[in-house]
Each structure stands twice: as structure tokens, then as C-alpha cells.
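Chain IDs A, B and C follow the sequence of writing; residue 1 opens each chain.
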Amino acid sequence: MKILDVTDLSVKSGTGLALVSNVSFSLEPGARLGLIGESGSGKSLTALAIMGLLPTELNVSGSVLLSDGKTASQQILDAPEKVLNQIRGAVVSIVFQEPLTALDPLMKTGKQLAEPLRRWHGLKGATLQAEIFNALDEVRIGNPKRIADSYPYEISGGERQRAAIAMALACKPALLIADEPTTALDVTVQAEVLALLDTVVASRGMSLLFISHDLAVVSRITDSVLVLKDGEVVEAGSLQNILNEPKHPYTRELVSSAKELDAALTISARSGGDHDISNS
Amino acid sequence: MTSPILEMRDVNFSYCQGVPILNQVNISINRGENVGLVGESGSGKSTILRLLLGLHRPTEGEILYSGKELRLSDKEQARKFRSQVQVVFQDPYSSLDPRQRIDRLISEPLHSLGLTKEENVGSNRAAIRKWADQQVVDALISVGLPADSARKYPDEFSGGQRQRIAIARAIVCKPQVLLADEPVSALDVSTRVRVIELLSQLGQERGLTIVMVSHDLAVVAALCKKSVVLEKGIVVEQGDTSDVLGSPSHPYTQRLIESLPRLPIA
Amino acid sequence: MTQQTRRYPLPLLVGLVLISIIFIMAVLSIFWLPYQLGDTSGSRLGAPSLHHWFGTDKLGRDLLSRIMIGARIAFEVGLLSVAIGAFLGVLLGLGAGFAQRWMDESFSALLDILIAFPTLLLAMLIVATRGASLTSAIVAIGLGMSAIIARLTRLLVKRVLTQDYITASRASGTSWPRVIVVHILPNIWPTLIVIFALQFGLAGLTEASLSYLGLGSPPPNASWGSLLQEAQATVLTAPIAAIVPGLLLIALVIGMNMIADGLREVADPTMRRSR
């Protein structure tokens, strides 16, 4: 039974402008998909549509079916808020790009993490505290007590993002959507958070929808990709196929840019070893 | 060996509050050798750029331009410096005045730096305008934009095009050095490579030395012969980019390189 | 590419109509009045008639003429007080926007005190020292307004200063005075214009309040506020004398509010298009 089944998803603005057109894809339990697109490609709107979080002034059509793998699929589009509230967090969760805005700046981190735990698992008091620390441990946060007692602006970007991931995982969803989760992070932190996502998603057997503009980052965490341009899927397939034989002109452009930059690193590094002052 | 065109010697820097941002920074920039300033957030790389641009004075140490200490209180030196050292910023949406037309925007350095007088265009208003317009058109074409862009406004252009306009403004007074603060980070991936190629091409055509701040080592590798690696305001490693990338000596540099997301080998 | 939609918002049009009516009255009053200011030839509290379109007041003066003069006063007050408020306010705001942190914080505190000080009280103080007159009213209103405008200007200037194009301009060798004229003022102007329009209407209202309290221009000068005050006693027998100035005051404030709203829509797209 598929965890996520998106068919002909289309999103139009209030004035009729097509923002997402006929996007279709699906995810089996434990499967991962990378959604590659640049700004304006509709990737974030797709994620919001799956969560049932699209702004009301947008018109959406098509079908988005979500399931936790055990019970029947639920149609997300046009579902009543009551139903969606049961699904968000428990079946599907999302991690956004900028943790500073995704977390409430006026609430301590621990308290924010406590909310979903309290609501879903009815935990209180000492059990709740313990679970909070467990959750923070799972995302490999260095000092869980310090983080739990701090406000979001008092902790580093990497720590914030880990806390955000902990919150997303708190209710044990079947699907995790990550929308550019590492784009705002430093390179070294990015590597760590990607490794964390990789481990956590694998250990829980979750499905992952990973959205990014960076082919190299996506390649770290998943093997199949969907390429979006201007709201449409222009190409889909395994990462190897896309990298070696891109068919659509846009994909070719993306791949060649990514390869050119990646190559610059290799060439530079190679000529470095021999102290060869060659032209790069 | 000719002296470096820009130099930082034993520079310490902190803003008024006193938190030290830079500690004993020594950097030399030689003509014709692009330099990449690499580091993560809090490394002080953007601050170095601002110091090199003369926007702040170092708390200790000195900044040298063409071998002489940079004193922008000296009007004449300031004028010469500013016409020879220009800057391109990271955010293409904040670096162009939304209410100014492109031709006015690009020609601003020409007027502010009195280059119209230097070129002996004459004191006739019309002649000055004509000369300035020609410089603007030349600059626009050099960055790959059509001449009629001059009569448009910034909001009519995409991020990548805006960055080209910013570059056009920076090169219009034919500087020797171009300081670039993460010039491609805010651009789409496919546009990034094209702007880097443009910078590289301009560098070669015009003998421009580019000093680029970037958190992205790949971009630095593509453009800069030399690299300076910064961690929390300290230079941990510097030298030829190929050496820094190929055989990094400092553990931080090694960590940085290991963390780079790479495409899988085919 | 952006869409250049030349649509005039309805509120803007309605506002323009309302204000135009008042404006025409005001301008006309300079050249022609049905009856001169001191003319008390009419019957006391006469009903509207062919000779006196809005009737007469308790001293026999033609109401229409007095109302037209009131329109002129409303405009005078609006324009002059906004001129004072804008000039002082923008200047102070610019200074504050550039000030070093400690200076800026003390300045903000000072502005906060000034803003908290009710304009009416300020007006009373000035009137107490200089006597009730239109000038006193205008000065008081202008001063009160300048504090609000200074605060806003300071905020706008600070925001613009964070933009890279200011740094780029400085790196191009442009002097600060030129940066202010070429880059800063044009970018804060659209927002300021909207505030000026709003304040124009409010100034008229404040002047009316002052006149109502007897602190504005003394009779026979006929600001709408004093007309209202005079009509108070006889509101049941001669309602027109109270209704018309009241309605016109409302029209003034609403009209300027709508213009301000419309201006925001027209001015903003230029700024918003940049993103």
C-alpha cells in the first residue's frame, strides 16, 4: 500500500496563473524521492499541498492520497480541517528550510517539542520530560537540557534544525517531507544534518520526500528524483540516469551546471597534490 | 615581484561592542590572481571584504593599497581607490535601487568619482551625458545584457540579470580589483555557472583581480587561483586553491572539504 | 516581466471626488463669496432659501459663505501644518536614522514623549502664550505631527540604510548628502506621502476640535469647528447649521483617508515589483 499517491496535482493562483500543473508521483513505504527544482518551480507548493496547508486563495485540483501504511488512504485535497489535523504529524510531517521562522521565537524549544508529544501520546510530567530528552537525543543534539531550556534564537542554526526534525518525528509519521532543510545551514552542519536525516529515516522505516535545488545534496540522500520546472514534472527517474543521460533540455542544463561546479573541485584537488601550477 | 595590490597586515577587528571578529589576519592579493575567501557563518569573511573596501578601519593592523596604507580621509586617494576597487554584493534584490533607472544606476560611479572630468570629455553637459551613456552601454554588453536595458528599471529583470547589472556597475569605471561577496549564492543553480563564467571572462579580458567571498568551495575552485580559509576570524590556511583543496593541512579545512556534497561518481 | 496595470482603485476616485468638492469651495472662496464675511443682513436663523442656500446663522450671516471660508481654512490648516510637520519631521527623522546608537535611543525616547503629548494640550499651551489664532493652531498641529513623521522617517531611513544599494553607492564614491537625495529620499517618499495625506485630514479634524473649544481662529472667521460650536445651542431649530459643517468634516477626513489608501496602492507596486 502506497504511503503517498499524488495524481495530476494542479495548483492555480486566484487569477488563474498555473503554479503547479499535473504533477504525479508516488511513494512506497520506506522509499525516498528527491524533488529537484529552483525557485518558482512549484516544489514548495507541492509539499504544502500534500500537507493540506495551501493558502485558501489558491485553487487546487487532482488527488493526493496519504496513508500510514496500516489504514486506508485518505484524500487530502478538500478534506475537512478536523481530518487533516489527525493526519498532520501522525501520518506526514514537514521540516522547513529556515528553522528560525519555523519555530516559535517566544517559546522555549523544549516546550515546543512537548506540544506534539502531549497532544498525541498524552504524556505528562516526568514521562513527558524524559520523552523530550529522548527525542532530542535521537537527533544527536549535544546537550539536550540546554537546548530544551533555550529559546530558538539562543541556539545555533544546526541545533534549531535538529530540534525541528525532532518535532517533526515526535508523532512517528510514516512520511517525512523535507523542504530544503539544509540550504540555510553551514556546509559542515549540512553534512551532519543530512547524515542524521539519512539515519533516522532509515531506522524508522519512513518514506522521505526531499526537496532541494542542489543535485549533489539530493544525491547524498536518495536515488530517485523528479525534476520540476515552472510547476511541471519535466523528467523523472533514477539519479544515475538523470546524471548520465538527461533527456529534457532543462535537466541537461541543471546537470551540466552541477557537473561543471563539481568538476572544478576535482580538477583543483587533483592538481594540488603534485604542487602543479596548472591552469584550472 | 611586484607588490600586492591589496594587503591586510596583522589585522584585528571588532565593532564598537568589542566582540572580536577578526584576529591577526594576514592576506595579500596579487594582480591577476583571483582569491577566494572561504568560511562558514561567523568566520569573518564578509567583514574582511568590508575592510578591504574601506568601509571600516581595522581596530589594529593596516590595510595597504598598492603598497601604501589606505587612508580614505585623503580625498584624492579615496577617489583613486574607489575607482580602482569595486564591489558586487550577494543579494541581487537589495543591491540595485528599485527607483533608479539602469543607466543612472550604472553610471553613478562615473559621476561620483569625477571620471567625466578625468577623461576630458569637456564641461558640456550633453557631451558628458553622451560619454557616460556610451560607458554604460559598453558595460551592459560586456556582461551579456542588451543595450536597451539601460532604459529599464531593476524590477524588470530576474535575479541573474540583476547580478549582471551589479557587475556592470562595478566594472564601468574599469577597476583593477573586484570584491565580490557571495555573488552567486542567491542565484539559481543554472544561473550560477554562467555568472561565474562571466566573472572569469571579465577577469581575463580586463586584467581584473577578483576577491570573492564564498561558503561554496566549488565556486571558489572554479574561479580563484588562491584561497584563504577562515574559521571564527582566524586564517587557518591559505595558498593555491589546488593545494588547499588537494592536500589541506588544517583539520578545519579537511572537515570543510569532507562535508562538501559531491555528485556520485558515474 | 511585470504587468503595468493602470487601474485606479475605486477608493482613490471617491476620495478625490470628496476632496475636490471641498477644494473647489476653498478656492472659490478666495475670489467670490455669496456674502461677505461680516455681512449680517440676513434674518436670524433663517431657513434655506434662494438667497441663502444653507440658511443663516444666529447673527444673520450667510451660512454658505461661512462654510466656504471654512473649507479654505481646512485646506490652509492641512497644507501648512503638513508642511511644518513634514519639513521638521523628515529632517529630524533623517538625523535620527543616521545617529549613533546611544544618540538614537535617547532621541527615540524624546520622540515618544512628544508623541504621547496630546496635540490639543500642546495647542492650548501655545494659545495660552500667544493667543488664539489660526497661526497658533497650525503651529501646534504641525509640531505634534512632526514627532510622528520623525519617528516614521527614522524607521524608514534605518531600513533603507540596511540595503546593499546604499553601500554600493558609497563604494561608488557618492557623498552622503547625495546618497540621501538620490537614494534615500526617493525610496521613503511613497510611504511618507501616504502619511502626509492621512495627517492632512487629521489636521483638519484637530483644528475643528480646537475651534470648537474656542482655541482656534476667533470669529468672524468661520472654521467648521467654530460653526459647529455656534450651532450647538440651536441644533434642534436650525439643524442645517450643524449638519453641513459636520458632514463636510467627515468628508474631509474620509476623503483624505481614501486618497491615502489609494496612494499606497499606486505607490507600493513600484516598490513591491522589485521582489
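Definition applied: a contact is a pair of C-beta atoms (placed from the backbone, for glycine too) under 8 Å apart; a residue touches a chain by one contact, two chains touch by 3 or more.
A quick note: this is a predicted structure, and the numbers were derived from the prediction, not measured.
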item: Two chains joined by the most C-beta pairs in contact, as defined above; value: A-B
item: From chain C, the most remote chain by mean C-alpha position; value: A
item: Nearest-to-centre chain - CA centroid comparison; value: B
item: Whole-Å gap separating chain B and chain C, where each centre is the average of the chain's CA atoms; value: 47
item: Separation of mean Cα positions, chain C and chain A [Å, integer]; value: 52
item: Centre-to-centre distance between chain B and chain A (centres being mean Cα positions), rounded to whole Å; value: 34
item: Chain A-touching residues of chain B, taken from the complex the two chains share; value: 40-41, 188-190, 192-193, 215-219, 221-222, 225, 240-247, 255-264, 266
item: Touching residues (chain side chain B, partner chain C) in the complex; value: 16, 53, 55, 78-79, 82-83, 86-87, 89-91, 93-100, 108-109, 112-113, 153-156, 166, 169
item: Parts of chain A lying in touch with chain B, wherever the complex brings them together; value: 38-39, 157, 186-192, 194, 213-217, 219-220, 239-240, 243-244, 253-254, 256-262, 264-265, 267-273, 275-278, 280
item: Touching residues (chain side chain C, partner chain B) in the complex; value: 1-2, 101, 163-165, 167-175, 178, 182-183, 186-187, 270-271, 273-275
